[in-house]
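See below for the structure under consideration.
Chain nomenclature is as follows: A, B, C and D, assigned in order of appearance, with residue numbering initiated at 1 for each chain independently.
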Amino acid sequence: MSPATVKTSYREALREAIREAMQADPRVFLMGEDVGRYGGSYAVSKGLLEEFGPDRIRDTPLSESAFVGAGIGAAMGGMRPIVEIMTVNFSLLALDQIMNNAATVHHMSGGQVDVPLVIRMATGAGRQLAAQHSHSLEGWYAHIPGLRIVTPATVEDARGMLPTALACPDPVLMFENALLYNLEGELRAGAGAVDIDRAAVRRGGDALTLITYGGSLGKSLTAADLLARDGIDAEVIDLRSLRPLDDATIMQSVRRTRRALVVDEGWRSGSLSAEVSARIMEQAFYDLDAPVARVCGAEVPVPYARHLEEAALPQSEGIAAAARDLVAERV
Amino acid sequence: MSPATVKTSYREALREAIREAMQADPRVFLMGEDVGRYGGSYAVSKGLLEEFGPDRIRDTPLSESAFVGAGIGAAMGGMRPIVEIMTVNFSLLALDQIMNNAATVHHMSGGQVDVPLVIRMATGAGRQLAAQHSHSLEGWYAHIPGLRIVTPATVEDARGMLPTALACPDPVLMFENALLYNLEGELRAGAGAVDIDRAAVRRGGDALTLITYGGSLGKSLTAADLLARDGIDAEVIDLRSLRPLDDATIMQSVRRTRRALVVDEGWRSGSLSAEVSARIMEQAFYDLDAPVARVCGAEVPVPYARHLEEAALPQSEGIAAAARDLVAERV
Amino acid sequence: MSAIAEAPVERAHALDLLRAMIRIRRFEEKCTELYSASRIRGFLHLYIGEEACAVGAMQALGPDDAVVATYREHGHALARGIDPGRLMAEMFGMREGCSRGRGGSMHLFDTAARFYGGNAIVGGGLPVAAGLALADRLQGRQRVTACFFGEGAVAEGEFHESLNLAALWKLPVLFLCENNLYAMGTRLDLSQSQTDVYAKAAGYRIPAAAVDGMDVLAVERAVREAAEVVRAGGPYLLELRTYRFRAHSMFDPELYRSKSEVIAWMAKGPIVTFTARLRARGLLEDADLEAIEAEVAREIDEAVAFAEAGTPEPVADLLRDVYAESVA
Amino acid sequence: MSAIAEAPVERAHALDLLRAMIRIRRFEEKCTELYSASRIRGFLHLYIGEEACAVGAMQALGPDDAVVATYREHGHALARGIDPGRLMAEMFGMREGCSRGRGGSMHLFDTAARFYGGNAIVGGGLPVAAGLALADRLQGRQRVTACFFGEGAVAEGEFHESLNLAALWKLPVLFLCENNLYAMGTRLDLSQSQTDVYAKAAGYRIPAAAVDGMDVLAVERAVREAAEVVRAGGPYLLELRTYRFRAHSMFDPELYRSKSEVIAWMAKGPIVTFTARLRARGLLEDADLEAIEAEVAREIDEAVAFAEAGTPEPVADLLRDVYAESVA
């Protein structure tokens, strides 16, 4: 008998995860811009102010550096803060705190100081918000030792990554692709914590491996459907954690399919896709039947006009086309 | 008859480049922390305050975001600012201005607004300055469209990249590895502007290609000398520009040597080395006799203790060892 | 804040001000319509209720002065004299738009009008304004850079750094804080320990004042005075007390304020009060208002028509204008 | 700034204060020696001349209170009671160092003493201090977080954001600005339009004062008063006016100030003036001073011996302590 499931949105799953964590542990609190009275700019925290009060659902001033730094300090002081940065675009204002404090203090204190902090932020393009509001920087953040980077792409992960991240003594950055908030899915009743360091095979296949994460997972699965119509059976890997990367799952798949295409919404040069490609080069070169290919964000500040924005981002058709080229390639 | 040369340090070459630019163009000025009365934290601008006065050699308060933003605004207003951020470590405080304004405004204004700005900063580890003062983020910055990233690694480039960068209508970030300031070299008398978009082959060789830049160039050349003693003839490419990357020069070499090792002081995951490896995968896969290898910074906030810091950074012996392994590898 | 209700005003000028405010109001009302029809997309932040700020302020600026604004800048762009058709085309994402369709509502640019955005990072425009002013200072030009921002930006570090820099270097920046009491859903007293924004200027030794941002004449006078101080050589901070009648953006359910609060402020609206005042002084007849409305309606129809006739940029040109100089 | 030269002081306490200051002075003199001998490397920022600030301030803090300091923190670490041997071993890069040799001079940490660094990004410690205080507030603990920073940090956005946040949320942070007039080579009046640092607190409605940072008793009294305000529930900004006698770091040629300026300040030095005052009041004899010097010399010898006997961390352990929990 399969367990009962409930239909839930990604947004609701996140809210439920926050609520449960706050109920279970008085050290957990949420702070960020407009998380309280406004209800969260993506409505994730809607209703939580009423439930938990303004001490634990803290609206902050527009002071990204200070409230992220305060999250670090509060974590050092024994709390389990969830800091919401409204979107990744504004996180640049807090990058000094993130890289120079959150990521380093455990090491530079010789292991004395822990920073059990979770920073959540919306990420990604696709809503015509133009050049200053469309960054996809989660792969870029994955460069920084001392941080963990997770990218829930399913309702289950939206529900389950937060408790694990909160239990982790290290700073975890959780990137929520803004196009996913309305995603609906069936959640196992009683679904809870999931791991935050393993990749997941979201679709099995033999012809090639699509490696992706976050907002591009759905597009990649759609691409796999398109490919299936042509008789091409693509495996789809959701990285889930961008730091650490789960090399084992990637290599296991690529050694079998012998072809890999990395799909990454970030600007191509220096995106996470490059790291994935380089690792396959290093660990599975002799198993490849064709060079690893990439479908990435175009190297342009994301333009406003709809057709241009669409052209600037990975799309299912483009992914499928690249996959077909890859499968057609012969050594 | 070879032209006369003068012995010059990297520091002096930079200073001479700044001086010449300021003499030639009244729109050029230098601003940053301690560039004036202190003489520049690495003494690059020493003496320039006396020569050009405090209007054009401007000491700024500790306000990285404001003075970088002011550089952007001044460039938009017709000046040719050189902004010095003391070190890359502090540039995180200005990253919003760099990514969200300098890199985007030309595009999001539909090509109307130019930002002819040069931002110079010291970068790199190796002086036991520990976790908050040892970042090598130039490769990471190369992810951002709209910016140009250059890494002078020779006295000639220290002398010649600045005028070209100043003549460029786009924002150019110039990363000066702090260990290079004392580097001495012979400079052609009358040496001036050099290109800022092509890689340079610093040493010819057939056995493999070492691809590197900035502070790792010297170490790679030393490694090449070590290898030469073993009869291994390494080619050494200095990327010079990290954005754009000069694919042609890289591929031309790799197609010939059929083996490539990328040396990058940045933390390995998501460093520029990954992008270089991925591009070789994409453009020269069938010419490779072995997978592209990397020698990078260890994934750790740089520790203070000397022996640990040394172990955390690429060193000539390690580069040579990796090169030997690579050459020994047989398909 | 000084009451200047009785200050004299020339009829022609008064009608110009009124027309400018009505133009913004009707333009934005049209925008909401077009947004519902999905002709405009992305974020759309309306200035409705705050028109007196931009209109009053622009009176004090000459063509050589510069303007730096935020993502809530339709009003500033119009008041600055940028053609409504080019603005509308921008929001349609057309090549004929003032930013070639690359920017959209949040990134209106026009260098000919010295209008430097359309900046959508809160606080991000302040350092840039300081830099524009620095360029003027270094080149010996007697210009003002007017920098608009919301009271929410006051909490950002860039506010602090920029005001200090401007004061220290005597940069001709006119800081214009449009205090509409809310930053999205965050009321001023939940973001600032000191809620008198203008009082913060003392920490930088910058002269400052607050003015009723609902009174276009008061704004004009205050900005003229402030601009004179700036031209004489140094920054000034003017707080414009106003209110946003509409939601923060098209996605805002407005949970954070009561309908009655909004209605009370609407009664103090810049257009309704100015109209009443002009009528009371006999400077405005029904026919004047009708003429203005008709003229504005025609302008907006033309703007929409212009936008609709616009051409989308070819997808093949996606990568243009990333660099001014083509890269290798 | 209040003159409290005549305030009464107990002899034992006075000698404690003097000993604490002399300990710092001699410790750092030893550090310069060891730096010349390349036993200590990296950056070394000396506190010489400023000892009264840390020593006076620590008197007002209990063991449960927290300290956040900068890269110029040897004095704070010593005054907080951290073992000099562990500090010296840290600077030697040894496993027995207070940060296991990973931090060095700029990153002294000791959670047992609630000493949270050792922060080398100017201004970067202020938000963290606000967060530590927030944790106390949320957990209902009556603690103070003392946050030291230089006057150079006042220009950073993080200063502004942190003071506002602390005031808004009534966080128990004691902001201690050590105004030594220079940030590297930049004199205060070249970095601040308002050179009275404490006056900036008004912009946040934070109580504030300035005190003679060369007078250890004045500092102690001012910090006690300030800490009481903080414990009662909200931040306080205290400006400690002092001077750095030595170069900014070991690489600084000191082009930006005159030798005579330095000499004039040395005459006002915290140890020389306090010694003279105690002598004048008959609270200090030559023998006392000799005893203190002898005791301190012994402590420092022991510290150096401890450091020299330290063990370098094996290179194989390079990657430890990047994460508290091992990653896949």
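The rule is short, and it goes like this: contacts are C-beta pairs under 8 Å (C-beta built on N, C-alpha and C of every residue); 3 or more make two chains touch, one makes a residue touch a chain.
The model shown is predicted, which means the values in this text are computed figures rather than measured ones.
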Chain whose Cα centroid lies at the greatest distance from that of subunit B
C
Per the definition at the top, count C-beta pairs in contact and tell me whether B-D or A-D has more.
A-D
On a C-alpha centroid basis, what's the spacing between subunit A and subunit B, in Å?
31
So, what's the distance in Å between the C-alpha centres of subunit D and subunit B?
36
Which whole number of Å gives the spacing of the CA centres of subunit C and subunit D?
46
Subunit A-subunit D separation of Cα centroids, rounded to whole Å
41
Pull out every residue in subunit A that's touching 2 or more other chains.
60-61, 63, 65-66, 89-90, 93, 96, 100, 107-108, 130-132, 145-146, 299-301, 303-304
Which subunit C residues sit where two or more other chains touch them?
99, 101-103, 107, 119, 121, 124, 155-158, 161, 164, 168, 190-192, 322
Complex interface listing, subunit A residues touching subunit D:
27, 29, 55-56, 58, 60-61, 63, 65-79, 81, 96-97, 100-101, 105-114, 145-146, 148, 168-170, 197-198, 241, 244, 246
Would you mind writing out the residues of subunit C in touch with subunit D in their complex?
155-161, 164, 167-168, 190-194, 199-200, 202-206
Using the touch rule from the top, collect the residues of subunit D that touch subunit A in their complex.
66, 97-103, 107, 109-111, 116-119, 121, 124, 126-136, 138-139, 157-158, 161-162, 164-165, 168-169, 320-325, 327-328
Of subunit B, residues touching subunit D in the complex
33-34, 36-39, 41, 59-66, 89-90, 93, 127-133, 298-301, 303-308, 311-312
Write out the stretch or stretches of subunit B touching subunit A in their complex.
65, 89-90, 92-93, 95-96, 99-100, 103-104, 107-108, 130-132, 135, 139-140, 142-146, 243, 245, 266-267, 269-275, 277-278, 280-282, 285-286, 288, 290-294, 299-301, 303-304, 331
